[in-house]
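You will see two complexes here that share subunit A, one where it goes with subunit B and one where it goes with subunit C.
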Partner chain A sequence: MIRIEARPSTPRAMTLGIPVLSALIALALAAIPLLAAGANPIAAYGEMLRGVFGSVFAVSEMLTRATPLIFTGLAAALAFRARLWNIGAEGQLYLGAMAAVAVGSGALDIPGLFLLPLIVVLGAAAGAAGMVVPTFLKVRFGADEVVTTLLLNFIILIFLQMMLEGPLQDPMGLGWPQSAPVLDQGMLPPLMDRMRVHAGLIVALVLAVLAQFMLARSVWGFRLRAVGENAAAARHAGIGVNRSLFGVAILSGGLAGLAGVSEVAGLKGYLTADLSPGFGYTGIVVAMLAGLSPAGVVIAALFIASVFVGADSMSRAMGVSSFLADLVVSMSLLCVLVGGFIARYRLVWVRAGKAAR
Partner chain B sequence: MMDLLNILLSESFWAASLRIATPLIFGVLGALICERAGVLNLGIEGIFVVGAMSGWMAVWLGAGLWGGVLVAALAGAFFGLLHAILTVPLGLSQHVSGLGITLFATSVSYFSYRTALPNVSSPPRIEPFQPLDVPILSDLPFLGPVLFQQTALTWLALLMVALVWYVMNRTALGVAIQAVGDNPDSVDAQGLSVYGLRMGAIVAGSALMALGGAFLTMSAFDAFFFGMVNGRGWVCIALVIFASWRPGKALLGALLFGAFDALQVRLQAEMGALVPGQIFLMVPYILSIIALVLTARSADYPRALLTPWFKGQR
Partner chain C sequence: MTDHTVLRLNGLSKRFGTVLANDDVSLALHRGEVLALLGENGAGKTTLMNMLFGHYLPDAGTVQVAGPDGVLAPLPLGHPQAALAAGIGMVHQHFTLAENLNALDNITLGSEPLRALRRDRKSARQKIEGIIARSGLSAPLNVPVGRLSVGECQRVEILKALYRDARILVLDEPTAVLTPQEADTLFDNIKAMTRDGLSVIFISHKLREVLAFSDRIAVLRHGRKVGEMATADADEGAIARMMVGADTPKVAREAMAPGAPVLQLQGVTVPGRSPRDTLTDVTMTVHAHEILGIAGISGNGQSALARVISGLAVPQNGTIRVGEEQIARPGPATMVRAGVGRIPEDRHHEGIVGAMSVAENMVIERLDDPSVQARGLLRRGAIRAHAEALARAYDVRGPGVDARARLLSGGNIQKLILARVFEHAPRLILANQPTRGLDMGAAAEVGRRLLQARARGAGVVLISEDLDEVLSLADRILVIRDGQLVDTHSHDRERIGLMMAGEPA
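Right after this comes the complex of A and B.
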């Protein structure tokens, strides 16, 4: 008879190896849909690799794609550590982007030294506000934040369309639902000539290092982990649980808001309703692949970005739908979940006689 | 004010409310069965998508309308089984697994759609379910147009409310499902299989959810579009709390939601010149949040909801 038994502790090799293995298994499983679409999987993987690493431009595209995913991945990782289920990063991203174009596209014509920090701070604040509301509803009324943040995503998206056809619409935009461009001095500078990768990446990396340090070393990080592991015990130990939740809500929402700022002020230059192809939701997968560690988020974001950029390029070359990338991303989430089980439990054989005792 | 009264008294308004409520009835019932057994199923949004896509595609490939309904239910059951394996014997996070199922089911649907129809800008249309014209009853004043000119899937939804109520409240199986969501140890002590009951409930609930999706492509519309589910699954997760996990109240919640949604469409038409139309589009989502806020504290959650159970561990 087989019995499931908790491991006394998870071997370190497993903590690191399981996410990598999950990602590889998900990539390997993509051979099935590739075959179903009539493509040669080996050739497809080759195209994907070339699409990501084949040129400096390709790598720059991958890093550009990874930038928002680092922000939203951090947003999910921090919140999930405290067991605050922020599934609303998609909406918070758009709140940040709206704040960025509201002040950045001509409302305030001030030097870049002031305008850019203002855009960043207001964008983060708007995203944070988007998470403080559901956290308040959770703490005060017991309303499950999973449902409220998910529903808020739809409300914010409709609000965005209203703004883009109203107050935020570009007067010179010929009636298209898009915002006026962010002023030049409000833009995050590009990192390389003629490449799209921009300073948002540096901001994201710095914040990942900061988050890693605060989570592991600071009193704040200790409280947050305590709340996540056992809220009742943390409360008993005198930790202000609600305060910790609001704190992490502000950080998580703020990080998601920065994803929007970075996409608008670093990449696109103006805001449309299709700014994000689901970066908020993909951030959840990034965080889970990273084992909720901020340093891991960077690596996971690079992987997921490679999948998207590689699949796009493979799709152009071979005519296979680029939804393949979404398949790989969702399968790697499911694989890493199962991997988490293997890390925590082991199967032991129990002889029938002994089991009966 | 007169306009509002006119709307509320019109047959077409209530017919539309019931039509809008139909996918939600399936969805809330499905979520209710899963949660009564102790497992949150956030795969619902993706299962709606897969139900909508697979049912429609089966009909397009020539399976017939009821064949499409069957295919949708089976597809929903398949993704439900996946969620069941991850959350019941493996006891993994129900939140993360559910979101994973939603992402997976959605991408499977979108990839299959694009692979089957690579170069179409608009999807092929099918001949959807037609309103059932019940002789005599359809000619009744008011009730005739509201009730007796709905499609067969709306009737199936109403039938399911009665069936789920009956199973949950009047059969040993229903009692066992509720017990497994409240106190799995006691179910185990009686020699019943906790795993079997929970997994069975998730599979059955997910099949129902997929019918909600199938209604969209096979009755409300006649084709599949990206983004057509548009949060309806998440609304169901809010409504099931509003409904206190009871089938009758689930029907009421879905109907109320349908009525508000039908009302906002009509108000938008009347007042569209005064306020941006988007204000009205937000209403259903805001109402769902309000319903959740008002009922969350007093809600009688299944006691073992979200708690995994392992055999042989007390």
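Right after this comes the complex of A and C.
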């Protein structure tokens, strides 16, 4: 018989080891469907590695893919630290992207020097605005933000389609549902010649470092952690719980909005309704893999981006489906969830019906 | 009383990490006997009972239980199901009832075959009514348990054990939530049941009831059994010495003239969904150099009163004055700034953030203080040094100030909170159930600190369900009942007990 006992504390090796081990187990488990598809798993993973690290271009592609995931991963990690379950990063990403093209495509006459900062600020503000109503409903009426933020995603997506066929539609776009392009002065500059990796990555990394520092060292971070770990005690101690929640909600929405800004103004240049292949949702996986640590978010985002980019190139080389990437990502999430359980509890084997000596 | 042994614990030992929770404990329980298990918190009483009930697996030792035929047979350890089948019933301190179900369903829950299509409620009801008739334990069977009083819930728990044909009943601090009168009734019921052959182990801190109602007393200290005697041969001082290893420190409370008012509530009304969070037109004054005791049965508005003084509840009507200052916009931070030190009722839930460090928990009420932060950043070195000094001054023991606060024992968590509260010399102290669940040593420390604050000139509001504590510490005693305060003008235990129960004294 197996019994479950709570651990008094989690060993440090576990907090670090579990995400890494989970990722490895997920990759190992993914070998089974690879075998079933008739591919040699070792060769396949070799292709995958080459697809991510085989060339400067491959690395640039991986970093390009990691950039929005760092933003959405931070959005989820910070909110989750305060036990604010923002599942709406996908919608907030599109709000940020809409704001970026609305001001960035030359409809407003803005001096070129100010255009990029304005795009960034307004994009973040638009994403943040997406969290205001759900947070208000949670604080005021106790409405579950999981439901409100999740459902808001679909509302925003429909609103986006309306905008792309209406006010935001590119007049030169031959009737396609896409926005006018962001002006050159409004674009985040590429980091390398003829590569897609762009300055959005630097912004994401700076924000991750800043978030890590503020969470551990600032009074703001102290309040946030207290509210997340024990809201009743935080309230009793005189911490403004609702204020903290609103603060982190706005920050979380803003970070998700920046993911949209970064994709539009760093990569695509214009906005379509398929800008994000679920970056908002994948950000939740990133945050969980990272153990809700901002520094960990960077590593987890790099890992997941590698899986996606590597699986793409593997599927081209080996002729297996690139859905394998989704499989690895979801399995590593499951492994992390199981690992989280193991970190908090230990299993005790009890020999049935026998007293210990 | 017969001499048949129904339960025998042989040399049980249990180690948690470096702590030896039980060390070679042997006990015997006889048919029809009430055995009181006494000891400070952390003495190992609950661990011992949890091993008996199969929640923990002992490192060493065996348990024998008499079957219906009276023959002792070894009990498989580590299996609650086996303990239940052997006729051992346990009533925990915290009830394990489903509030939305009525008593009948709660009692039968879990003892019905899972695959039965229809529940035989009629015969279940008959069986329960039979038990009620024999034992005198009455509880309304058709009302959702959430609407029953604490005493009734406890009787439902006991009925649940008896319904499962328990021949041995373990009660973990059964009177902690009862009025003295309710407790007396409970013990009368228990006496009636033991005449039918039930054997009872009850865990308690309270010497008075142990002396009055048990047949035999076993005392645990530091996991070891340090004494066992027939109650008839025992005296209060001797048992207390056994429990703490020394004479209990008598509370020395010198007379003091009350000073200026430090807290005035005037017509304070807090509407609530249930009586426990309702206050109706409460007026009270606490003076400097005064401990005001609030006695009452659990759930009569104590938490509402505490929430008002803590700043967590905003009264609908009435005024709050701390010292000279009228509190216009009450809030926890406002109250802290006004000089109110708050010791919350539920120290784990409201007192500390368990996942944060001891040092962080010591400054959590003063994050705006320049000693804690500079330009929005935490002064980690200062916070740490401050915490180490406080931990020394208040004897907070544990794995260090950087460790998570939840790793501290209950007594040390309370000392952490005391340190946080008393460090800033508050002019008013709200102590809500400050010694609940603490061992004698830690409880005495709380009392000593409260008296010290009183001597310094603070006013203290002491809310406690432990009447003995109120009687020994308070200068003046009010009774809270149905959200209203009544002055007792007395220190008479019997009279106050009756007022708590709502009877005209």
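By definition in this document, the second predicted complex is superposed on the first by the 343 of 357 C-alpha atoms of A that agree within 3 Å, B and C clash if a C-alpha of one lies under 4 Å from a C-alpha of the other, contacts with A are read in each partner's own complex, and residues count from 1 in each chain.
Simple rule for what comes next: a contact is a pair of C-beta atoms (placed from the backbone, for glycine too) under 8 Å apart; a residue touches a chain by one contact, two chains touch by 3 or more.
Source: prediction; values computed, not measured.
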| item | value |
| --- | --- |
| Which superposed partner A:Leu152 touches (first subunit B, second subunit C, both, neither) | first |
| Touching partner for A:Leu137 - first (subunit B), second (subunit C), both, neither | first |
| Touched partner set for A:Glu165, first subunit B, second subunit C, both or neither | first |
| First, second, both or neither for A:Leu333, with subunit B first and subunit C second | first |
| Touched partner set for A:Ile239, first subunit B, second subunit C, both or neither | second |
| Partner chain(s) touched by A:Pro33 [first = subunit B, second = subunit C, both, neither] | first |
| Per-residue contact with subunit A, leading partner among subunit C and subunit B | B |
| Partner chain in contact with A:Ser218 - subunit B first, subunit C second, else both or neither | second |
| Touched partner set for A:Val206, first subunit B, second subunit C, both or neither | neither |
| Overlap of subunit C and subunit B interfaces on subunit A (superposed complexes) | 3 |
| Subunit A-touching residues of subunit B, taken from the complex the two chains share | 42, 82, 86, 90-93, 95-97, 99-101, 103-104, 106-108, 110-111, 114-115, 118, 230-231, 234-235, 237-238, 241, 276, 278-279, 281-282, 285-286, 288-289, 292-294, 296-297, 299, 310-312 |
| Complex contact set, residues of subunit A against subunit B | 3-4, 33, 36-37, 85, 87, 137, 141-144, 146-148, 150-155, 158-159, 161-162, 165-166, 281, 284-285, 288, 319-321, 323-324, 326-327, 329-331, 333-334, 337-338, 340-341 |
| Interfacial residue positions of subunit C with respect to subunit A in the complex | 17, 57-63, 74, 76-79, 310-312, 331-336, 342, 344, 349-356, 360, 364-365, 367-368, 372-373, 376-378, 380, 404, 407 |
| Touching residues on subunit A, where the partner in the complex is subunit C | 3, 8-9, 217-220, 222-223, 225-226, 229-230, 232-240, 348, 350, 353-357 |
